[in-house]
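Structures incoming, each one as structure tokens.
Two complexes are shown next, each including subunit A; its partner changes from subunit B in the first to subunit C in the second.
On to the complex of A and B.
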């Protein structure tokens, strides 16, 4: 292997990247954009959900219950209607997430004693929102019910304690339960998959498409030198992106960072090498840029997005899909990122995730150079 | 005009269908992505691994625990006698949730004092943590209600029938079992169509320019409008074909109910495809290489999918993002998709979405065509 030849390839690649201002802009702008998109756009902390009410009773008591809903930050009573079809229409047209129906004999039943039922019609097409909303609604009604019971007992000369159970929930590693803290570390994996696999596979596939790769190969350069020379500039760009992302995450979004910068750098470098090799392999295997882009999408971006634990927890997936996640490197990197950012897991305990990544590097380096040779024959 | 247009259409379709790899790209990746999305995109939680630290060993504490043991959402793995061991298990990622009941729990309940239940959740996945804590509080609320009832029974057994209480009867419409898949799969049809149509169309146009065949075509008597129509119509058809293909996977494989009218969905899909074609043409006018087109397309697609409400509720986004989402055609198409699949609503409800897509589509297409003219002159 000759360092001069390797550097020559790298220099050519750098010049090409620098000349194409858009691609260069992408390298800087993309991580920032993705960070902002996911930092602000991915949020499940719901507040002010629109509610329609149909108060058949119109009494002091029913208004009281509605005030409890109004006081909750999670609900916003948008409109009072006077029939059930109006509620159904509002749910159909997504103008309301919930319709509350208070029966006509609400206050009468309350004064007679015994249970009264209030109906909540919930738009559950978004199951997650519905789930959280129903939990909040249950809490509001139960709070109201307890109040009613206490004042009833008091008016009969008996004393009753409110809320016999106090649930003290502590959410570890992400105390404010911010979606942001959970999402943003994983964005690094997305950014690097795009930089590593998309950009490299397309640039190299273009060389094949135009025939300039054959020209390069007729020179005394070896396959290894071509591969390393082509990938080195992208490695540098990728590491710059890691730095940009980490600074944004910590300084702008205030994501806790409890691990060490060294482990973050080592893990990121390792993952970057894996995706770069994958990108190189894809470009060798694919015949043209269209095929390369689709392959890069399916092999790197999609797993980083769906099968890495970035958004969706792996242990809730069907078992076969859980096995499949093991063959994609993104899974290990996302696990590393979450441990380094949120948990501050000591470096010695990160081996379970680092070793598979190292394994991928070795295997992919062998496969990529071999298929490169094969393609030339 | 129609003779030339027909020739152009035939040429384009042959070009797409001739190549085995391109043929595969039209069918393979959409189906793979649909399957992965359908199985992986899931916010439901089941069997959250839970440990219990019961320091009270009373009938009450055991009853509370049994409510968790019998819930499908929690998988109570171990009963520990030491809180620090539970903390260790969470630190190691071996369990997600720890319930701690201190000594004196039952005594406090019997005395009518507030009894604390401590909950620790691993919130590295904030979604799991949010849903899990919502279930914890629902279970604990149920237990609290019963405890309160028992308290009343002890204080005043003679009046237990007369004490009023309010109950909430919740009816989750459209998706009664709260299945994540029902929410995601219709959305996947929209986002996959977006990715497919934008990349394929912009690649096809840019490739002609990159290879230099665009100039050759321009010296023929074909007019720009004919060229654009001839170039985009095949992808319109392909997009429609793929949307139907993915839709069929959703209906027949994932068993998502389709409650609306096919004509409504088809109208929405046609309008949406017009928007996407306009977008793809605009991308192709600003890109001179396929790599640039890919990168630009990526920049359009990522925000489109994030802003559209595909995975996360628009109402939880910051205000500026909510405003921006009105310019995104996918936002409207998702409402049409979920409206026809889950809600079974028709034109009377969905006309505003249809009108918005028609407006955006016409505007985008006009812009694209006029820019295209300029690019050719």
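On to the complex of A and C.
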């Protein structure tokens, strides 16, 4: 291993990156864009869902129930209508997510102490939203009906003061239940995948395409020196981008950061090495820029997006997909990021995610160095 | 000089029964040759003859299918890294980095060849001087004219003062004046003891070589100094005929007696015959009988191109006769 040769390649690579506005753009603009996009644009919190109501009863009690809905942060009563087709139309036109129909005998049945049903029509084209919404609606009605029960019992001389069982919830890690805090740490995995695999896959394939690889491998430089020399500048760029993203996440988006900077640095460096090696291997195998960049996106960027737990939690996936997530390094890095940012999990407990990444590093390093020969065939 | 020297000076390149196959295609077929130190050795042949394949095997970039080659005393198949320490290589396609400056390309290759830092400045100065690129250090390589790029590529290939230089069609696509300058550089390096192994398909460049190998369809068809090749390799003698119309004359001559080969060279015909003196009157008569006016006919000394055409057509015809 000659440091002179390695540095010669690394210096050349830096000069080429600095002169290539396209890759410079990716390095500088992409992380910030992705952070802003996911920080502001993607919000999977369900709040203020539009509701249409048809109050057939029009009594004190029915208005009371509607006030409970209005008071909940999850619902926003947009309009009161006087027929069911108007609700159907509002659901069709996506003006409402839910329609509430309170029957004409609502207050009468309540005063008799008998059960009464309130109809909720829910737009379930998005099943996830529909499920959450039904849960919230159930909660509101439950709360109201407990109140009714208690006052009924009291008025009949019984002394129950409150519902017998109450659940006292405390949300940990993401106290405000903000989806932003859940999403933003994972953006780092996306950024790393693009910098690591996408950019490096281009740089090596480009050398084959332009013929400069032939000149390069006719010199005494070893395959290992080429690999390290080419990857080193991208490693530095990737780590700078990690820092930029982390600062944005913490200072701008106020995502809680409870872990240590050291574990963040170590985890990021490890994941970066894995994707760099992947990018290197892809470009050695593909030898042309188009195929290499496509392969890099499919093998690293898409899984980082879809199969890493970044947006969609892995527990909720079909079991087969859950297995598949294990073969993509992004899964472990996203898990690490969420633990480091939100939970502040101690370093000793991060081994479950760090070890697989270390395993990927070893395997890919072997595969990448074996696949790259200083020959033209 | 090199011809006599080869006995005492160890050979820089020794090739024995070298074969390269790509699937069923035999790109290089049982090649044997030896190149001595300080020699300018030309590898001449049409595109696809196997020139680049040979040079790539000698640089350790392709693995020989069979046979062996020693470059600077190291086997290219078993010890390509040792070979690479001792050679400079210019590939056929310009393959420096177009987005780097002239000086940055030079520094890169100085680093790749581990030129010691004490000598670095001198060597780069020397290369700039040699390539006539002084004052152009900060130009982006991609903006240089073709001839300048070739000289820069040569400069990069010799920064580490290699004993052997492999140049694969170094002057293709370069204007004639730049080509001439480039060959002056090559001659100069050879005088300083560098062995130069160069491929070309320009016949006039072949004349600058100390020795030539003519290669055709992967096989070496002739080997020798340019003058020896011209003297000895022709079967028969050469007649130049100026006549009108040229096209009909060539066609008619295909069926004429005594003629080994007929080919158009510029606005005249070159005929290969057994005995020029005897054939001359017979051919004049034959052509005039066919209605062709012969304005001039004379016996000439063959050029390398004649030698090459003659060797390849007889070789090609012989191969086609084989079942």
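The rule is short, and it goes like this: the second predicted complex is superposed on the first by the 341 of 377 C-alpha atoms of A that agree within 3 Å, B and C clash if a C-alpha of one lies under 4 Å from a C-alpha of the other, contacts with A are read in each partner's own complex, and residues count from 1 in each chain.
Here is the rule we go by: a residue touches a chain if its C-beta (ideal position, glycine included) is under 8 Å from a C-beta of that chain, and two chains touch if they have at least 3 such contacts.
Quick caveat: nothing in here was measured; it's all calculated off a predicted structure.
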Given the alignment on subunit A, is it a clash or a fit between subunit B and subunit C? fit
State whether A:290 touches subunit B only (first), subunit C only (second), both chains, or neither. first
Where does A:219 make contact in the superposed view: on subunit B (first), on subunit C (second), on both, or on neither? second
Quick check on the superposed pair: does A:20 touch subunit B, subunit C, both, or neither? Answer first, second, both or neither. both
Partner chain in contact with A:358 - subunit B first, subunit C second, else both or neither: neither
Specify the partner with more touching residues on subunit A, choosing between subunit B and subunit C. B
With the two structures laid over each other on chain A, which partner does A:86 touch: subunit B (first), subunit C (second), both, or neither? neither
Per the contact definition in the header, classify A:375: touching subunit B only (first), subunit C only (second), both, or neither. second
Closest pair of CA atoms, one in subunit B and one in subunit C, after superposing: how far apart in Å? 13
Subunit C-contacting residues of subunit A that also contact subunit B: 20
Help me check something: in the complex, which residues belonging to subunit C touch subunit A? 56, 59-63, 80-81, 84-85, 87, 89-91, 93-100, 104, 107-114
Interfacial residue positions of subunit A with respect to subunit B in the complex: 20, 22-23, 26, 29-30, 33-34, 37-38, 40-50, 65, 89, 91-94, 109-132, 134-139, 141-142, 144-146, 148-149, 152-153, 156, 158-161, 163-175, 177-179, 181-183, 194, 198-199, 202-203, 206, 286-291, 293-294, 297-298, 302, 306-307, 309, 311-313, 316-318, 321, 338, 342-343
Subunit A residues within the subunit C interface of the complex: 2, 4-5, 7-9, 11-12, 15-16, 19-20, 210-222, 374-377
Given the complex with subunit A, which residues does subunit B contribute to the contact? 21-22, 25, 29, 32-33, 36-37, 39-46, 90-91, 108-109, 112-131, 133-138, 140-141, 143-145, 147-148, 151-152, 155-156, 159, 161-176, 178-180, 182-183, 195, 199-200, 203, 207, 289-292, 294-296, 298-299, 302-303, 306-307, 311-313, 315-318, 321, 335, 338-339, 342-343, 345, 349
